[in-house]
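Okay, so subunit A shows up in both of these, paired with subunit B first and subunit C after.
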Partner chain A sequence: MPLIETLARMEAAAAGAARPLATVRHRHLSEHPLVFVPLTTSGEAGAPLGALVGTDREKPLLLAVPQPRDRDLRFAFLAELADAVLPYVDGFADGIEWEERKETDPETGKKVPVQVELCADAPQLIVPSGAGIEFVRLMGRSMRFRRTAEQDPETPYPAPPHVPLLGRWFTHFGERAQVPGSCLLLSMTGLLTRHWATGQSALEDQHLGALLSWIDPPPGVSGRAAAERAESARDAEGQLLCPPAGPATDPAFDNRLLAPAMARYDAALPGAHEELRRLVEGQLRPTWDAVWQGNDLLRALPPGARVADRWKRDRWSYTAHRDRVRAGEPPQPKRDDAVTAARKLSSREAAQTQLDAQEALDDPLVMAARRLAGEAFAGTVTGVGMAYSEGARPMPRPLVTLRTDDRPQLSEGAKVHRPLPGGKTQPAAFVAYDDPASGSLTVRLTGGMGRGKVPEPGSVPEPGEAVCWTLFEHAPRGGPERPEPEDTPWTHGGPPATEPSGDAPDPMTAEDFL
Partner chain B sequence: MSVPDARLPQVNVSRDSRPAAAAPQTEQPAPKPSLRQRLTELRGPGIRPRALDARALAALASNPGCRRRALLDGAGVDKTALAQALGSPASYGQSRFALARGNSFEARVKADGGAGLLRLLHDRLRPGTPAPGDGEVAVPDLSAAGPEGRAARTALALREATADGGWTLLDHPMLAVEVAGSPAYVEPDAVVVHPDGGWTVVEIKSFPMIDGVADAAKVGAAARQAAVYVLALEKVAGHVAAGTGRPAEVRDRVLLVCPKDFSNLPTAAAVDIRKQLATTRRQLARLTRIEDIAAALPPRTTFDLRLADDGTTATRPAEELAAAVESVGAAYAPECLAACELAFHCRKRSREDGAVESLGRSVRGELGALHTIGEVLTAAAPCTPSPGGAPEDPAAAALRRAAALRAEALAAAPVAGGPAAGPVRDTDGAGAAHGRQEPGCR
Partner chain C sequence: MTRPPHHGTKKPRQAGGAEPSGPAAAAARATAEILQDTLHSPRPGVVVDSPPGAGKSTLVVRAARELAAAGRPLMVVAQTNAQVDDLVLRLAEKDPALPVGRLHSSEAGSFDPALAELPEVRTSTKIADLAGMDVVVSTAAKWAYTKVDEPWRHAIVDEAYQMRSDALLSVAGLFERALFVGDPGQLDPFSVVGAEQWAGLSYDPSSSAVSTLLAHNPDLPQHRLPVSWRLPASAARLVSDAFYPFTRFRSGTEHGDRRLAFGVPGDGSGVDRVLDEAAESGWGLLELPARHTPRTDPEAVGAVAQVVRRLLDRGGAATSERGPDPEPLTADRIAVGTAHRDQAAAVRTALAGLGVTGVAVDTANRLQGREFDVTVVLHPLSGRPDATAFHLETGRLCVLASRHRHACVVVCRAGVAELLDEHPSTEPVRLGVTVKFPDGWEAHHAVLSHLAEHRVPWRG
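Let's look at the complex of A and B:
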């Protein structure tokens, strides 16, 4: 944990209430996110117990499986879920914009601009916690290889229509969620911990109820007291007042309420089905409300300037998967081949670098952490001396002297960058420390001043101006281009098999083994 | 799945056997009570010690610095009841669905006399011997009275199986581990004896292995548990090898059996547990120091709850109990919440003390000699308390710089000046917090 975040946690612990970790919102929040609060049956990997899902906080759709060991009931749940989620996901497919992209012409080998579709907006799924994201991935894996009767009339126990499609979308959401800064699938605990520091450990922050208590406690109660109550307070029957955010249920709920209710359902007692639905809803509803409460808190923060830029990447991701589905491509493989895995890793690394840079530029509080780490420095300009580059056509290379309290890790000639008001970046090179005691140093501007002999107005800082230089690039580029898959060197397994063998669906057995 | 319901035998709980410390007939110091007696005193009269199962031993190994846990577990104190009596009950429990699923899965794995399990084992471990044919797997009966009886029966069965030189599946054998001077009994799901005298521990877990990958944290926990079994088996193997003259070797690769994908059909993977084995061996050896921990306690310290006649209600005042618990140091970290029944109590104390570890183990790294949140915030306060010339603690300097940068950024933030912008209240709280810590600074 960076020292500045440790300090924020300690301030929160001393004050008994959360402290801000960001001054702007660093994630895109959709106007109409789809909130999905799932519950799973304890000990079973592929047996959901219930869910609340929807875009209307007042009217969530309740789905419940009265007996998770019954394959038909599980399938009915998945079918209902697909009916609730897919129209939302598809609802963004047709609102498109045109974007120009450079593509290699297969005949001439030249890069030519082409017009491609980009969806104007994209769906956004919000689950309560990190475990919820994992559950979406798991459900995606369990559904995408299923066969419907339409796909394969011979298949035993065909899945309801749309279920494999939902599996493919859930898999895509789950994969995308691994890209730093992406916003197609978000967890509320992840969102809140990005923006606030609580006075407890990161481990305890995984409890959504406790986390919200620190950030937004009920009136008259300290955040700490409210969090401890949310974690462990139980009613007279031993049930948690604040049920866990799932997908795992509380064992006391399973043993004392759910199991007897399921037994009554199995005995086909009248009213047992309704009772089960009521029980499941009772566990889900507090979490549903908590997710929306968190949503409100986050929306009160102004969005960071570069959030829209990252959301555009999410829109590209959504558009690309829409195209794959429309083209009838097979579902995502069970395991990535070496080439795909390497690409994914490098794109996630690039996204992380980009996210780190953008968050720092958007938010002085994040920049403060980078300054503390010696990766940026801010100060006041004390003098500007005009100088020119050597060569046939001398260009302006002004020397800017500034005073800073920061201790950047600079060596001579190190490149530094500064954001210009128009959104551009001005590069410079570190020259020397003039007086280490007073923090005075000089940099030489190397660009961002136009093409003329005289710098464009406003492109050279004036004495007295406050400037912030970073040692990291503002729009970091990924590493060198990777070879085409067919040129994969033998060190990396050689070219992949010509025809990727489609993954077989999971075998279905006559006995329902769950 | 394999939590043994066996309890340790009642050892030396007769209060009459207590050394006559109270008898003032001589000036000589009372004879030093044995560790076993001391641990019995700690537990309270007539209280049977809790069995230390492999899960508890593995948890102990994951927080080796905690003297409190080492002592309480070593003495066999019922930590669940203790936490309840202290007013900070643990939020543990196992769902009956998970239990039922675990049992049905284990039954399925061991069906048909273990033939399927042996096939999986042979396929995954590739021991270099021919696979067992139908009906070639011996499954000896291990039932006996009491844990010692079962442990003795298991040792005998292992000896016979090794001498026999065939495939043998031991279903739920009982093994003894020496913990702090008294035996603890642990029960693996299964042990397989190979024809070449190799022994393999089999762990059957009900978390899924999806496309050949299982949850890393759960696999780690299973491996730590298996390490306890391997340690317990090594002692028996030594005896068997000496007794039969045939090689008997406990393999350090165990077989982890899990449900495949989303079904209840078994799949398996070999897990190398050499690292866990080394850790657990070291921790268990370290546990012998329980004697030292017990010796450092104030005299007459006990964790006895003084249960009322109903056997569940503690009549001992919580403050008295808390004082007894405080007399032995704990090493609380948030990870304890998932592994120790007393964690909520220790957390409460840790938070009251303002210990920096209550925010996570990693926090300590950058804080040098600062141990409490109060100290850290004081060090971060804007005024310079260092008397002239004294070399400044680099941790304090970094903290002060961090606090100044943080305050500056918050003051400049767009929401900072606005009226109660959502939850971002009191945005100059940094300064306020410092002020509370160091009023003289203003």
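Let's look at the complex of A and C:
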């Protein structure tokens, strides 16, 4: 944990109220997110109990499975869920804009610019907590290999139409959520803990009700007291006043309310179905409202300047999966092959580095954390001396002296970077400390001044100007290209098996879908 | 790394004892077998495990020269620019007439200017400029951007245990067969994002290149170098027991072959007494009172700086098997190792305050592969309230405890043994992932209990 976050948590604990960790919003929030609050059956992996889903906070759609162990009812739930989610997801598919991209021409082998479609907006799913993201991924995996009667008339237990498609989209959302800074699938606890520090542990922060109590307590109550109440207060029947954000349910609810109601449903007693739906909704509705309350809090923050840039990558991701679905490609494989795994890992590492840099540039509070860690320094320019590079064509390499109170971890020749007003980055190299006691140091500008012998106006800081240099790059470049999967080398097992037999189900369990 | 534990094969080994052949003969035999497999094995790969200071670089240079002499040009993959430059310099030193290519990135200062002085070494950013060279050396990162029409018939991959599986994936298409050399006990490669998704897959991109290689090619010939020439007899036993319990090694020198002495007698302070203890026994533990501190614990950092200051002030002289006369212990023969970069920065500042220059101060990651006469280590768990996976990592402690030829002084707050007992390893066990032995918790305890015999309190 960065030192500044530790400090914020200690302050929050002392004050009994959350402290901000950011001055801007670092994640894209859609105008019309799809909120999805799922519940699962305890003791049954992948058996949904119910969900609230929708884009209208006043009118969520309630889906409930009266007997989760009945697979027909489970399929009916999934079919309803597909009907609720897929129209929303597809709704962004046709609003497109054109982007220019360089592609290799198959005939000439040269890179030529081509116009490609990019969806102008993309869907955004919000679930209450991190466990909800994992649940989406799990449901995606359990659905995407199902076959409908239309796809395969011979299949013994055909899935309702659209269920495999929902599985593919859920899998895509779940995979995308692993990319740092991505916003196609978000958890409300993740969003809130990025922007506020509470005085409780990171584990306790996974309780959405308690987390919101720290950030936005009811009038007249301290955040700490409200959080304690949210976590543990129970009514006269022993039920939690603030049900957990799911997908797991409270055991007291399971034992005292849900189990008897299911027994009545199994006995086909009149009204039992409605009673079950009412019970499930009672557990879901507080969480549903909490997600929207969190959404309101976050929307009150202005978005960071580079948030749209990252959202564009999400739009690319959405567009690419739309194209794969339209092209009739098979569902995502159970396991990544060696090349895909390596590609994903390096793209996520690049996304993490980029996210860290962009958040710091967007937000002085985040930059303060980096400065405190010695990874950046801010100061006032005290002098500029003109100098030129050696060589046939001398280029301007001005020496900039500045005074800073920060203590960056600089070694001689270390590269530093500074954002320029136009969005570009100016590189420089650390020269020396002039006087370590007063924090006076010199850097040599090595670029960002145009191509001429005279630096472009405004590209060299003036004495008295406030500047902030970072030791980290602002736009780290991606890694090298990986070989194609069919060129997987012998060290990694050679090309993956293309025959379906290479990925046969486990012989011990005929239904190896998970 | 997988190694079947050799139950019951642990036999007591006296230094220089039962084996009539001696360490030099054992090392020569291992080297001959490795070269035989490298040149003549029908399998596409050979894996060599090398404990700290066992002559890994010497082996790489020798294998490269023998391959080149046999008329088989080869590529060499190392992990950092410093390692590549070091290899090129060693190759040129051993065989000035050998044509060596140094492939480097286009960034300024990406290779050692000393290479330009070597007549048969050619440097370039383009592989085409280096065509026809007997040996071409570069980093894995640069090789990953290189495209060739015809793969090399041979390659040597250095520091293969520190290379990530996905880095090997990018370069493995460039060669047909390779010699993989590395130290399994040093720091594992890491990833800045979670890679649990691929845990248990044979080609988990975040695992080490060797684990992927052996998972797919379990029948490759595997060798190990049996003798550490760097570690003194006082350290080889402990490092071998704590970090390589299933693949033991010995030191190339005996107790008494190396001697560290000071011209100025100690003044009775804790610092001087720990130096005397380390000179005498090879190990010293300077123990500060138990306390929870920030990472850059000012008192511990100050103690580290004072130990270095006194090492220099007391006119240390090191005698070794390399020559009959003692050599003065100068600043460039001393290193300070820490776990975190901010700790290293704090030690540098403290040393500058005491007027000390020229001492290498760095993290374990950056000290990997380097060698000094005396090292001063700020214990990774000193002053911590918790023991995380990072601080418990076996490789981190192993690197810090195995850089020295004569003595190692560890500076630490009291209470680390209790801290360890309060924090057993809690990392999840994942299906299909080979559990690494020994784990960091166990290795830390082994080292601590040894250090306890050489403990000197900071004050009093």
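Remarks
Note that the second predicted complex is superposed on the first by the 494 of 514 C-alpha atoms of A that agree within 3 Å, B and C clash if a C-alpha of one lies under 4 Å from a C-alpha of the other, contacts with A are read in each partner's own complex, and residues count from 1 in each chain.
Basically, a residue touches a chain if its C-beta (ideal position, glycine included) is under 8 Å from a C-beta of that chain, and two chains touch if they have at least 3 such contacts.
Predicted model, so just to flag it, every value in this text is computed and none were measured.
When the two structures are aligned on the shared chain, A:G479 is found in touch with subunit C, with no touch to subunit B. When both complexes are overlaid on chain A, the residue A:A342 reaches subunit C alone and has no touch with subunit B.
When the two structures are aligned on the shared chain, A:M1 is found in touch with subunit B, with no touch to subunit C. Contacts of A:V221 after superposition on the shared chain: neither subunit B nor subunit C is touched. Once the two complexes are overlaid on the shared chain, A:R9 sits against subunit B while remaining clear of subunit C. Contacts of A:H492 after superposition: subunit C is touched, whereas subunit B is not reached. Once the two complexes are laid over each other on the shared chain, residue contacts for A:A120 go to neither subunit B nor subunit C. Once the two complexes are overlaid on the shared chain, A:L203 sits against subunit B while remaining clear of subunit C. Of the two partner chains placed by superposition, only subunit B is touched by A:A368; subunit C is not.
Touched residues of subunit A, counted separately for subunit B and subunit C, are more numerous for B. Shared interface residues of subunit A, touching subunit B in one complex and subunit C in the other, are 335.
Of all residues in subunit A, only 1, 3-4, 6-11, 13-15, 17-20, 23-24, 41-46, 138, 141-142, 196, 199-204, 215-216, 224, 231-232, 240, 249-252, 254-255, 258-259, 296-297, 299-302, 334-335, 363-365, 367-369, 371-372, 405, 506, 509, 513-514 touch subunit B in the complex they form. Chain contact summary for the complex, subunit B toward subunit A: residues 89, 91-102, 206-208, 210-211, 259, 261-265, 334-335, 337, 344, 351, 354, 356, 358-360, 362-363, 366-367, 373-374, 376-377, 380, 398-399, 401-406, 408-410, 412-416, 421-427, 429-430, 432-433, 436-437. Touching subunit A in their complex are the following residues of subunit C: 44-45, 109, 141, 144-145, 165-166, 168-170, 172-173, 191-195, 197-198, 201-206, 209, 212-213, 216-217, 341-342, 345. In the complex of the two chains, the subunit A residues touching subunit C come out as 178, 180, 335-339, 341-342, 344-346, 348-349, 351-353, 373-374, 409, 413, 479-483, 487-493.
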